[in-house]
Structure formats: C-alpha cells, structure tokens
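Multiple structures are listed underneath, in structure tokens.
Each of the next two complexes has chain A plus one more chain, namely chain B in the first and chain C in the second.
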Partner chain A sequence: MLRAERLRHSYGPVRALDDVSFTVHPGQTLAVFGPNGAGKSTLLRVLAGLIQPQGGRAHVEGGRRAIGWIGHQPQLYGQLTVIENLRFWGSLYDTQPTGDLVARLGLEEHAHRPVRALSRGLVQRVAIARALVHDPTVLLLDEPFTGLDRMAAEALSLLLGQHAAAGRATVLVTHNVEEGTELATDVAFMRTGRFVHFAPRSGRAASDIAEEYRNAVA
Partner chain B sequence: MASPPRKVLFVEDEAALQYSYERFFKGKYDMAHAPTGAEAMRQLESFQPDVLVLDMRLPDTDGIALLQRIREKRPALPVVVTTAYVSMEPLMNVLDLGHSRYLVKPYELSELAAAIDAAG
Partner chain C sequence: MQLPDSVRHAWYVARKDLLVEFRSRTAILAAAAFVVLVLMVFNFGRDPTAVSNVDLAPSILWVTFTFAAILALNRAFQLELENQALDGLLLAPIGRSSIYVGKLIANLIFVVTVEVIGVPLLALFFNVRILPVVGPLAGIIALATVGFVAVGTLFSAMTVRTRFAELLLPVLLLPFMIPPLIWAVLATARLLGGRPLSDVAGWLKMLAAYDIVFVGVALLLFPATVNE
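For the complex of A and B:
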C-alpha cells in the first residue's frame, strides 16, 4: 500500500507539487497522465523517497526496500555481463537474481554476455530485470514505455500484469495517454502540481480517457 | 567530545543506490539526497552540506553543468564525483582537483566512504 498525504514541493516560484493526496492499495495500478512540467516526475521521486517533500508525507508499506523503480535510463554497466549487473544491483538489497526472473525476460542465453554487446531491446529487458531483482511490492515507473521496442514493451506489460495479479501496487507516470491505460485500475490527470482528475478507470477505453484528458488539461 | 557527523549531500537519481547509501552510511554521516540538479541546488542552500557526492548523469542536467553552478555558489565545497564514464577528460576542465575527487562506477561503498572522508 502506498499513500500520499498533502504533498507540497516547490522550486523557487514553481510549484511542482501542490497539495497532492491519494492512496494506492495492493493490486491497484494508478496511471498519472500530465504534460511535461506538470510535476509527475517530482511526485514519483517523492513517493520513492528520493526527495523529501517540503510539505506533507509519503508512506510506502515496507519502506524503501519495497520499491522498484524504472526510469528513463537503463542504469546498467556496459563492461559487466547481464548476470553480473543483476548481481550487483541485487547486492544493494542483500539479494541475488533468480533464474525465474532471468527466464521471464528471456535473458538466459544472454546471461554471460557483456551488456555493451547487446542490442538496445535486450538492454531494455535487462533494465527491467534490474528494477525487479529484489522482488519489490511497489513499482514506480517514469515514462516506462518510452523508447522500448515491441518485445521489451510486451515483456514489461506482461510483468506489470503479473505484479498486479499478485496483489501488488504500481504507479506509472507518462505524458502519453496511449501508454499504460490498459494496465491501469485508476487514472489521474496532473496539471501544474495538482491532481485535476482522480478516479477508477471503470472500464473506460483509452480513447475516452484521452478525450477526458484533453478536456481537463488542455 | 566527538565532532558532529559531516553533512553529506548525495546527488544521485538511482533509487537503489540512494537506498544503499542510506543504509550503509546511517549514523556515519548526516545525509540529504537529491535526484535532480534542481533539487541539488535547493538542498545546497537549505542543507548546507560539508561534502557533495555528485553523479555525473542526472535526469534534468548534466553533471558538469551542475558542478559549474555549484562552484559559483560554493567554490571550496569538497566534491566526490561519481561516474560510469570511462573517460574523465571532459571533467578535467571544470574540476578543481584541490577540492574534488572522483570514483568510477561501480565501486564498493567502503571506497566511497574513504573518498568522502578524504575530501576537503
């Protein structure tokens, strides 16, 4: 479970977060849509504990160890092999990568190749494995589908579905309403640091949400 | 009487690394964290660190540009630069090596502690 209570954070005169509150329960996937500069990434960083907010508080059940983060950068070391990278990142959480994780991302035959020798799509899959190496119960995703090739996007969608089905929580932020809507149980629109819409998806189609988003944020 | 712990600002956007710093250095340093250049500049004023640990790759700015802005405000602040770049050549133009050190990722946390303790 994850809870944001009256979050506030500013950079000079710019309010990145302006009284944001919500709760995400186990099994829920919240998709937060908003234009660039709306405060989405700041929100995610506060939830992850990367930024201490100037006001309010964020609570993640299980603390920071419970969080898995997928951002824009793969955060991998090119000179290390796939398995060495996963072992390194796992060691930060006192754990080791499982064969199941490597298999679910189709990385078995590449496990002992240096990351710098892999295709971009494979690197993306290793980056996803890296974020999941400590079996997080809360996933925070910043524009997770941006730049993914088809196979990596399918692997990520599959993993997010499994994560939710296991009763785990996810928050993803993106400026692209077409991305992530199908996975969402709840949808929020963000503008100038505030939630201007927050409701269950309730079976709404991506096209309907896109129209609501344009009306609310444009 | 023991001196108070040094105030260290970690400028790092990787959640797993921040988590490990928090655990490994708890009680050793008085810590603050910043995952972006904007947050780093804000914390530079509000936290007033004794030492800065700066990752060169940040989501909203590059580390070299940020280091130049930091140097304008705190010319003598000890800085430990962390980087996955193999070549450090671009940094040599901007680093005041009298106050800065660098580590190439990945490194042992004990190496980082040694660099922080030796900085300044």
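For the complex of A and C:
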C-alpha cells in the first residue's frame, strides 16, 4: 500500500533522508519517532509527493487521491468558514464533507464560523476533518496531536483506530513517544536521516518503547 | 453537460480565491483606492494647456492599471502560504495547470473589477469621450490585461516563497509588461483620438499573440515553479 525504497534527500550539506526503506501494509500504523531535525517531516513530504527525492522512490497505492495529510499547519483559509473550507477541499477530490465527519470531530456548532475565529484546538480539528474529507486510504500525519485539546486528541485517536480497523495504512511522525505509541502497530526511530530501529510494536508498553528510543537516538 | 475535470477544478480554485477576497476585501479596496487617488492626483497635477487630455489619458490609465494589478498579483499566492494551504493544493489530485488557471481567472476578475472602476473615473477627470469607443476599448483592456496577468500570476508563484516577494514581483514582472503596455497605450490613444478601428487592429493582433504565447508558456512553466 505504501513503499519507500532507498530514499535519499539533502538540504545542502545536511542529509535529511539517508537510504530509508520500508513498507506499510493495509491495516498497519507506523509511528516514526525522532528528535527535531531527524528528517521526519521530509520523509512525510517525500511520501506525499510534495518533495521529489534526490534518490530512491516512494510509492503510494492509489496516488495522490489516496492520501490524507495533516501537517504542521492546518492548510485552511482563515476567512472562510469551517464548512466552506471542507467543501472546497472536498470539491478538489470530487466529494463533499459528510455530516458524520463533522459530528465526529465535534464541529457542528462551529460549522458556519470563520476558521480565523476558532481556537487552536478547534482549528486542528478542522484540519483533521480536511484530511479525512475524501476518505483516504493512506494517512500521513506530522505531529498530529500538537495543539489538540483532550477531546480532540481522543476524537483523533478514535478516528485513527477506525481508519486502521478498516484496513487502511497510516504513517505518523512525532517526537513524542507516548502520544504515538498507543496507535502504532510498527515503530521506527529516526536519527540524522536514517532509520536506526524499525520493528513491530508487538504489544510493548509506551514506557518500554520510550526507553528503547532514548537508547537508540542518544 | 459535465465540464472537463481540469476546468471544474480551476473554477473551484478561482471561486475560493474570490470568496476569500470578498470576505476580507483588503486587496480590492486598496487597489480601488489607489486607482482613485492616482487619477485624482494626475487630474489636479496636469497642465491642460501643455498636453491635451486625449494624449495624456491613455498613459495615465495604463500606469494606474499596471500598479493596481501588481497589488492583486502580490496577494494571489500569499493567501496560500498563510496556513500552508499550498501544500494541500499540490497534494490534491488536480493538475498543476488547474491551479494556475484558477489563480489566473481570480486575478483577472480582480483586475477587471479595478479597471471597471478606473475607466469611468478617467472619463470624468480627463473629460474624454469613452462611450463611442467603449466596445473596442474594452477589447484592448481585456487583451492587455490577460497578457500581463498571465505573466504576473506565474511570477507571483515563483516569488511567493522568497523573502522579498513583494519587491521581487514588480522587478521581474515590469520588463515583461512593457510590450503589452506600449501596445495598449498606443491603441488606446488612437481610439480616444477618434481614429478608425482599422488603425488599432495591428495592436490588437499583437496583444492577442502576446496572450497566446505567454498563457502557453506560463502553463508549461507553472508546475516547475511550485514543485519543491
């Protein structure tokens, strides 16, 4: 469903990706942990096709239509209302936002408010709705829990669980091991553009993975 | 009848841009105020005994439109950077050319709105007779506007991620605007001077050729300007 083959990419002398290869199958959720500057965001941008890698290739089954993306920024227009934003993004995928999606993220009462008037947590919820509006089969998430209030974080965890249960793939990158581990079926640690660890989670507790992470990237 | 996907997607992008502008009204108000002020300043600053209105009006009209258009073009891609919405557009399963055409349509509607405000004001302040030549004049304005907005939309995408985008855009764009501006000024001067339409046919053809060439070139180059 999603395959990275020997990805390489540099920004001048800085290697952001150095021979990164992996496959994520339907139903898998890969959590990639790494410190700032490890190359996590570059990896997601390459997988999404937003950056052409200098070496190797990334393949997502279904192409751009299959990808849902949550990045550092919400990718919303502040002057437009929540529903106008969702309708616009949906129209680019020849679909429209469902009431169910809006309701699951608790956005019904905010649907007709301009995005710029919303709190950070609400904006992030709208960004999640935007990423899911076209019912993607592959989710790419860059620090998705940043700025979320507890309710929104729970809603996102639930949505990601349903996404995986429906046999769909997810790659999420974060520097927060506790946040990402709960959802992961597979775990990777990234340092200076390389995967220094990549293995199934196999029921390990978040604290154990956090310990392994500290040892691996220290 | 179902429109082709590329046309529909371009319209979605244009409609969104126009809705964003309609909500904020910042750029359109700034451009309209600019047009009114420039025409007013030139009106009171000129010496009517030195140069006739008909000779002066075309140059002033096109200088005004040029700088008002740059205001519009500067904001065309700026709004996509606000929350990195450009990433979303690039990730969506639509052609890069649809993004360009959508931006072009929105920019054209914006600039034409400013021109619709400017032309009657020119007639008012400079006492030139617009009504007898309104059709051909609209043709000149439309052809010239398509040309420089097509180039400007491309350069706006090229410069938006640079540190000095607002400075760089006019520096890059103005040299490319010179040919259509000269042709537009010459054609407008002849029309307002009461010359027959056949006298401006050559300039109109030049403007049309410029439009075809530069819309085509912009469509070819646009994907390379937005890809990382």
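Simple rule for what comes next: the second predicted complex is superposed on the first by the 218 of 218 C-alpha atoms of A that agree within 3 Å, B and C clash if a C-alpha of one lies under 4 Å from a C-alpha of the other, contacts with A are read in each partner's own complex, and residues count from 1 in each chain.
Note that in this section a residue touches a chain if its C-beta (ideal position, glycine included) is under 8 Å from a C-beta of that chain, and two chains touch if they have at least 3 such contacts.
What you see is a predicted model; the values in this text were computed from it and never measured.
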item	value
Three-chain arrangement built on chain A, chain B and chain C clash or fit	clash
First, second, both or neither for A:Pro114, with chain B first and chain C second	second
Partner chain(s) touched by A:Ser41 [first = chain B, second = chain C, both, neither]	first
Superposition-derived comparison: chain B or chain C, residues of chain A touched	C
Which superposed partner A:Pro74 touches (first chain B, second chain C, both, neither)	second
First (chain B), second (chain C), both or neither touched by A:Tyr11	first
Partner chain(s) touched by A:Arg168 [first = chain B, second = chain C, both, neither]	neither
Chain B and chain C contact sites that coincide on chain A, given as residue numbers	45, 48-52, 64-65, 67, 69, 71-73, 75, 77, 80, 88-89, 92-93
Complex contacts: residues of chain A adjacent to chain C	45, 48-52, 63-65, 67, 69, 71-80, 84, 88-89, 91-94, 114, 130
Touch list for chain B against partner chain A, complex	13-20, 22, 32-36, 38-39, 42, 57, 59, 84, 105-106
In the complex with chain B, residue positions of chain A that touch it	11, 41, 45, 48-52, 64-65, 67, 69, 71-73, 75, 77, 80, 88-89, 92-93, 134, 140
Touching residues (chain side chain C, partner chain A) in the complex	5, 9, 12, 16, 19-20, 23-24, 79, 82-85, 87-94, 227-228
